[in-house]
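Both of the next two complexes hold chain A, though its partner changes from chain B to chain C.
And then the complex of A and B:
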């Protein structure tokens, strides 16, 4: 049942990709992928090598994603690809060499807009036995770098992109896809994890250079165990700033989490009640930092203060 | 291929054995906006990931229904004191009166029907309470076009909540080849308990749904339309079923109703529809159109010819050729002028 993607031969994986029967399971979500481009095959071996994968579907999946040409013309002439998660995506077509980006974007949109069994926050989540840290920030706010650093500090990765909250008890669930690193953060993370954990860099994407930190087998093995948030962080990176933290009142952190959710308004009262439990169970801080070392020291202190 | 899925979506047939087919079925149900209806039909019977996926579909429609309740309240409030009681149509009506066709159904726009002589009043009230003509149509020609030829006001969007309401004064465009006695249907409408809103009586609901699917538009949501007709027919009691065909004749919707019954009996194997169809010896649309309808639902991806045919037919039904050509000509000119403006740097 649990066969790692890397154990499959190129030909069999590529055939299953064409048929659309590649099934990968990571924590609470399973994904079914269909794709025509060989670039994607290389990327899957690179970024998803340890992920449990089937080449025949074992069940229906939460997410069903196709990566293909936007039309017949673009399949052959000046080739392009788009992500097709089953609904219309407002994104420009990409050249085939950037199909990994289309895949990641398509998967993210599927989680954000389709998987409404969970209240979804745009945030990173990591956890230890005693509880989880939820890091809520805009793209480029340092979520992924901070989550990566915490992984090296003994935390397991839940996700660098989504906080997934069960509305009945506010438990957080894991969906540990590769951590996306942009620009300078690629080198920063490479330095403390070692280059062997980082995928090949995609250059010249609409968001600059992008590389992914592979998820560790240990993150995947424990990915069906949820955790409760003990600490909520709202980081802001300011070049050269001295580190500084301000504790937030429950209502304040609630009001900051709501706009970061992709489906709070869709879910209504159930999401509100879950969110109340989430903020009640955790201490919340706004932090400002100027370097990863600064932020790590501060986060370690706040984590131990929150009982982690 | 997809035809036999309809009965699986309504849980009248068992889940396919093949997992790959189940996966394709879910993608189909999601893309055709019937995942929520499937979730309701399979409640308590689905297992594993299927249960999770259906739950996603259901949660989405629950949002739609809450939105709808809220909008109905606002609509009542907007018209308070005018004495106007709009008739809810389609999805909004099914949800509001709690009929099977509304369970798990997606609702996005709200369609309502009022008497033509109440139209100006309703428009004024809605505009005074925050609705405005949607940006896409907020130009002189489009506004004129809607008022002169269409069966509804231009779509009104609420400026804060972004919801859309379509106010109809007739069930088909003024220029439509088929004439429907909207007045008779309005007269027979029934009020929703505890609300200042109304719905069509059950047989008229079926007739209107048939008209909407087969005498207007190009059968764009085939799966949803068939399921809707099936549930609406199922909801009728014996005396209503006996009145259906005479009523369809009376209001001028017999062709569409005959086609709907044909579609239900051949595409969905609906027994009630089949026996009505035989009993009255009904005549549906031409075999070419029937072929296109079947193709459109059975080969969703590849039915290019069927889609083209139904698209052309929908325009043919909607207005006489000379009007259509004039309309398309104006739209084309407008687009051309826009392009010229864009290309000319001095203009910008």
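And then the complex of A and C:
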């Protein structure tokens, strides 16, 4: 029986976290978490409070992540944590106060490198009843900010980090974890969502200041319903730039999505065929913008033109 | 990977079991099943792959068939472009010397 994480008492969640029996289900992936640091407990109560959670393992999970000290010494002296997704990664140890960042980075690595049921694209996805918008951008391209703004426009969140494509029909599946906001985008998103939706800011991280926008209960409740992409966006943020969009040919869109996938080559022919279906079913644009307001007006117009 | 030394007698072929060709609007996209690489082909490259998928050809024997495929006269086709295209396609493994050469 899965219940919301926030309904568990502090003590029982803390014990389960230590034992590694916290099992959360978010859309298409189940996750098992083990951790020793209390900072993580507070973060889970805040950012994951509405996520269906079980404190007794019921099945093999897609993801199994541990957040622990890199060695016995760093468990006690000048304490540090690392994310351990079950395979060796060159992760820099972080101070315990940044264990939420270690958790999120570890979960991202796990989805990117271990989950091959889907072709995985480094992109944000949001959807309405008529279809989805897939936003593919490098870090700093504004996909999380844009996804947050679109959530306020009535879209449900699939992910701000991954487009998860079923290769048989090119449907996109949701894994709505908290939206990662960096630097200036924290205040921008706080302004239009309200501060109550944003976690405490983690300062001085290797990526600058980071905060997370909590996922809405409705995003979680509807996370088992896939959607088909109607619009693909490749945004570039250039401070002060006037907004403009260029429609891409289908082949151009396909070739731009391939390098954003972590497992396209691994999955081979099935991924190619799925990606063909994806680009055939969606209009694609490169957009350049200088502010969130500019980008939103442009995206609304493009979404309307794509039948959303 | 390129074939290495070749001659005018080298016979080239494309293995249709290893390549998926798909037309997207006016562009041909090729997926190579073995390498997992995806390529955009211009009309000349697409014609070369299509013709060499039918069977092995030398530069000389392939040329009229490729020109016929794209409905061009020899006079309209710059010197050496077919040979250059064959060598480029060899570089990305979409074609290779046929086994009879080895």
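Please note the rule applied: the second predicted complex is superposed on the first by the 307 of 308 C-alpha atoms of A that agree within 3 Å, B and C clash if a C-alpha of one lies under 4 Å from a C-alpha of the other, contacts with A are read in each partner's own complex, and residues count from 1 in each chain.
One rule holds in what follows: a contact is a pair of C-beta atoms (placed from the backbone, for glycine too) under 8 Å apart; a residue touches a chain by one contact, two chains touch by 3 or more.
Note that the structure is a prediction, hence the values are computed from the model and not measured.
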Chain B versus chain C as contact partner of A:45, first or second or both or neither: neither
Partner chain in contact with A:61 - chain B first, chain C second, else both or neither: first
Residues of chain A touched, compared between chain B and chain C (which is higher): B
Touched partner set for A:276, first chain B, second chain C, both or neither: second
Contacts of A:268 with chain B and chain C, given as first, second, both or neither: both
Chain B versus chain C as contact partner of A:192, first or second or both or neither: neither
Footprint overlap on chain A, where chain B in one structure and chain C in the other make contact: 265-266, 268
Residues of chain A that touch chain B when the two form their complex: 21, 30, 32, 56-62, 64, 86-87, 114-117, 265-268
Interface residues, chain A side, partner chain C - complex: 249-251, 254-255, 258, 264-266, 268-269, 272-273, 276, 279-280
Residues of chain B touching chain A in the complex: 19-20, 22-23, 26-27, 30-31, 48-50, 52-53, 55-56, 59-60, 62-63, 66
List of chain C residues in touch with chain A within their complex: 20, 22, 24-25, 27, 29, 31, 33, 36-38, 40
